[in-house]
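Listed after this line are the structures, all set down as structure tokens.
Each of the two complexes below includes chain A, the first together with chain B, the second together with chain C.
Showing the complex of A and B:
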């Protein structure tokens, strides 16, 4: 199995992305608090909260924003288990691994000594590590909530409110669609190879297989790009891009937008003190 | 490499968004002028391709596996401007949809990987490949070097961005508010993984894919090889005529080597036992090392190992020459000549191996 990591690892990665995409689409269709809000409100509101958490110099404020994110997740019927698997566990493991040495490496006042080794944990190192982990978990939870509670196409359309050029919004939408197509194609190529493979794959062969697969994918990409362009032209595309902007702000959306701004402003003000 | 939210301060993130914006603007302008309506499907498809390439598990020598960013391949096939946009789009979808890299750090990630990576890869590839033929082996070497240097340049910038955080942003107690490690830890920590595993993954993917494209889709390599059709080098050798500009640049660099004499003192970390024993030199070393206390004498290991090998041209000045400027020139010519000779020998050896059945 170890020698076949190129096939197994890549296929598992592709399936994980497809699974997560389907799960996000399913959660975004649920009947919950965030799902019912205008995507522009969610985008602006979550951006405000993310910036407030990133700028805060006080842990209590970061903790409060994290608590708010959990309440919003529960009200939006997003299972905490999903957040645990997709955000908290990975974030804690990755950032924790990076942050823990800061306990000992950051100069400051010693508060505890590691048994046997005798290394000193400093107060400043401990606080620095907690800052980093709490900030990463909070901001990652907020951005994941936005995507879990909003269909991807709506997130992209909402980007127009940030003055993102319309051509980029269209490109992002098409990219998303073709990512799924290409993941499917790459996965089929690996699966077909796996079904014809007996025994272990040498590392050199594995490299050759991976590079050939990427090469075939690149060839398909360029060919598909030409085909899509011709298809667009045959449908009358002459360079002008239009996006159907069917969002409509209701009183409820305005109220939530005001609430998000008030909460972000309060968090920034309290976090700066 | 993908910096998550929380590692960089909002001020750093804003500065890097602002630094990236002109590159995005210029890229979009240049591509719109050249590609017009073809731009949308080409960028969409290539961004999707870049996203998928980042998910490939690549087996590396030594039994480990690595993921490549694919930035060199994007620069070689599309050119640097389209590569900047394609990789930026792929990074945006990674950040927002899959949480790989932060939303506030998106500008930083684009600046490091999409912008710096694309430009370093493109210029490295063009400088090394010159005008050699599409099928030339030199293009494979150029692609490998482009991928390796691009990913390491991006890693270096990431290390610097993370390393300046504790210098600039601390709370009242002195605890770091963002990434906690200073430059002297952040840069080696970033570079260790990228000079080895990640750099190797990028090198193998870039070189391997260009070799594959030379056989299967040579037309995809033409966009960044404008002079290739004029040469007749079909892969059997270095093609000295094609690298003439490189040789002229090398000669010019040699001529300016005596400028090194203008610098005073020793290069940091290149001290000899003599420097560590000399009082004035010790004071200078301490001054440029944040006043870190030096060991009382010359470290035993340094003293013992420094005499194992005596350089024929110590300090770039052969003992039989009285002019240090001429010594620098001679050393530069000698060193460059040895490298060119090694390249020639390797080239002949590969060519002989290729010809043998």
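Showing the complex of A and C:
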């Protein structure tokens, strides 16, 4: 029903977000290689690999880092289909749009002419676009692996090794938690509207419904944020944030950190030649 | 503070004393000139229909909002905004008084159950090792140790409530304030929560429970205050309050329910309300 797109689309959107969140949390709890490592090792190790892939001037090196990411995904029981849908397809489409003009605009040796228009695709333009896309795919795959194999809250906590202020880490964690809560509330509101709807909803009505829902949700958010602050105060919060850092580095974690750094250094050295 | 006698019941010294306390949200009066004393070590129920001022009273008692006219004293000391500016008073009060909110989602804002329960002690600057030990102990006591690494927003309603209770109980407060502790829980979780509250009898802890679930009052309270539209309209033992059908009907805690039996016979009788489901 085209006229009910606002309601249907919103409910589907909320369900998609919740579904992806559930899938990520389930993957992060699996018994796999990356899941077993300290989040700080993954954060620092992947940062090294990302820098190496982004800085590399050799396609073989970028390909090797990408291959390593796939091996890590398989060892961590992350379905390649998930990476294909959530990273590779989106990354290819988005970066492709940016890279396409480079085919024609970069000066160099023509290797192919576009039918009808006759525009020349240059070897240098093609090479530049392929480099851009492969770097994006590699770095996005590593980033997504970090998020899929680590509970989001642990990723945030691990940011503290990069000297991210505690207060920012706590705010990000709470934001994530309450966004999910609000998505749940919004989904219930739209479903409740859907359950009482008979027939078509005019496009104008649909827009009005969406705006009204946003308003109600905003009101609920304000109420919730006030109550959360009171609950924090009730347990002694006075503006300073204290957290319990319970990560523990084992010999295995140190070994993997050393391996990640060694691989990153090797990739950087080889990629710069 | 000496003990006092109300309606023939000998009560110990008061932990909270309220004199003509009023509170309004914008122009809506939530609490109107309430005067009462909450005896130390007793389990007290605040009874009243929705909107009768119970939750507001709990927030006032916990120093989360402050009375307009009237005074509130905690162990003889006035509970005012100015007093909470003093870190020593604030720490002492927060350690001694804990509030469990009606909606556990409000209270669960940390990434994992373990972090949630550790939040209060961390704010009160307990040593880290002691916190780890006490969190583990509290989770064990409430039979939720298996949830320690779970994010609170993924728990069931009953589990959330237990985590919320654990997050306050870890501070071992002398006074526990509970806002509708059985609201929106399934029957099993309701019964577990009531068992928990019933187990606090004779522990020396003061427990103030706001509820309109009359079925559990005798199990969780030794004394009751009844509110209607922000006014304290009655007080007494659970037996006395629950036996006063007129009072319960007048305050919206009881109403006449007309229904049909299988035989086709139609009749009416007073009917108590349970906590609403969400």
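By definition in this document, the second predicted complex is superposed on the first by the 261 of 273 C-alpha atoms of A that agree within 3 Å, B and C clash if a C-alpha of one lies under 4 Å from a C-alpha of the other, contacts with A are read in each partner's own complex, and residues count from 1 in each chain.
One rule holds in what follows: a contact is a pair of C-beta atoms (placed from the backbone, for glycine too) under 8 Å apart; a residue touches a chain by one contact, two chains touch by 3 or more.
Source: prediction; values computed, not measured.
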In the superposed model on chain A, is it clash or fit for chain B and chain C? fit
Using the superposition on chain A described above, determine whether A:234 touches chain B (first), chain C (second), both, or neither. second
Looking at the overlay, does A:25 come into contact with chain B only (first), chain C only (second), both, or neither? second
For A:140, select first, second, both or neither according to whether it touches chain B, chain C, the two together, or no partner. first
After the superposition on A, what does A:95 contact: first (chain B), second (chain C), both or neither? first
Tell me which partner touches more residues of chain A in the superposed arrangement, chain B or chain C. B
First (chain B), second (chain C), both or neither: which does A:167 touch? first
Touch check for A:157: first (chain B), second (chain C), both, or neither? second
Of the two partner chains, chain B (first) and chain C (second), which one does A:181 touch, if any: first, second, both, or neither? both
Please work out whether A:47 is in contact with chain B alone, chain C alone, both, or neither, and reply first, second, both or neither. first
Now for A:242: first (chain B), second (chain C), both, or neither, which partner does it touch? second
Angular separation of chain B and chain C about chain A, which is computed from CA centres of the superposed model and rounded to the nearest 10 °: 90
On the combined arrangement from the superposition, state the nearest Cα-Cα distance between chain B and chain C in Å. 9
Considering each complex separately, which residues of chain A are in contact with chain B in the first and with chain C in the second? 174, 178, 181, 224, 228, 232-233, 237-238
Touching chain B in the complex: which residues of chain A? 2-3, 5-6, 9-10, 13-14, 17, 20-21, 24, 47, 50-51, 53-55, 57, 86-87, 91, 94-95, 99, 101-102, 105-106, 108, 123-129, 131-132, 135-136, 138-140, 143-144, 146-147, 152, 155, 165, 167-168, 170-172, 174-176, 178-179, 181-183, 186, 203, 206-208, 210-215, 217-219, 221-222, 224-226, 228-229, 232-233, 237-239, 241
Which residues of chain C touch chain A in the complex? 59, 62, 64, 87, 90-91, 94-95, 98-99, 101, 103, 105-107, 109-112, 114-115, 118-120, 122-125, 128, 131-132, 151-154, 167-168, 171
Can you tell me which positions in chain B touch chain A when the two form their complex? 4-7, 9-10, 13, 28, 36-49, 51-53, 55-61, 63, 65, 70, 73, 77, 89-90, 92-93, 95-99, 102-104, 166, 171, 173-181, 185, 204-205, 208-209, 212-213, 216-217, 220
Residues of chain A defined as touching chain C within the complex: 25, 151, 153-154, 156-157, 173-174, 177-178, 180-181, 224, 227-228, 230-238, 240, 242-244, 246
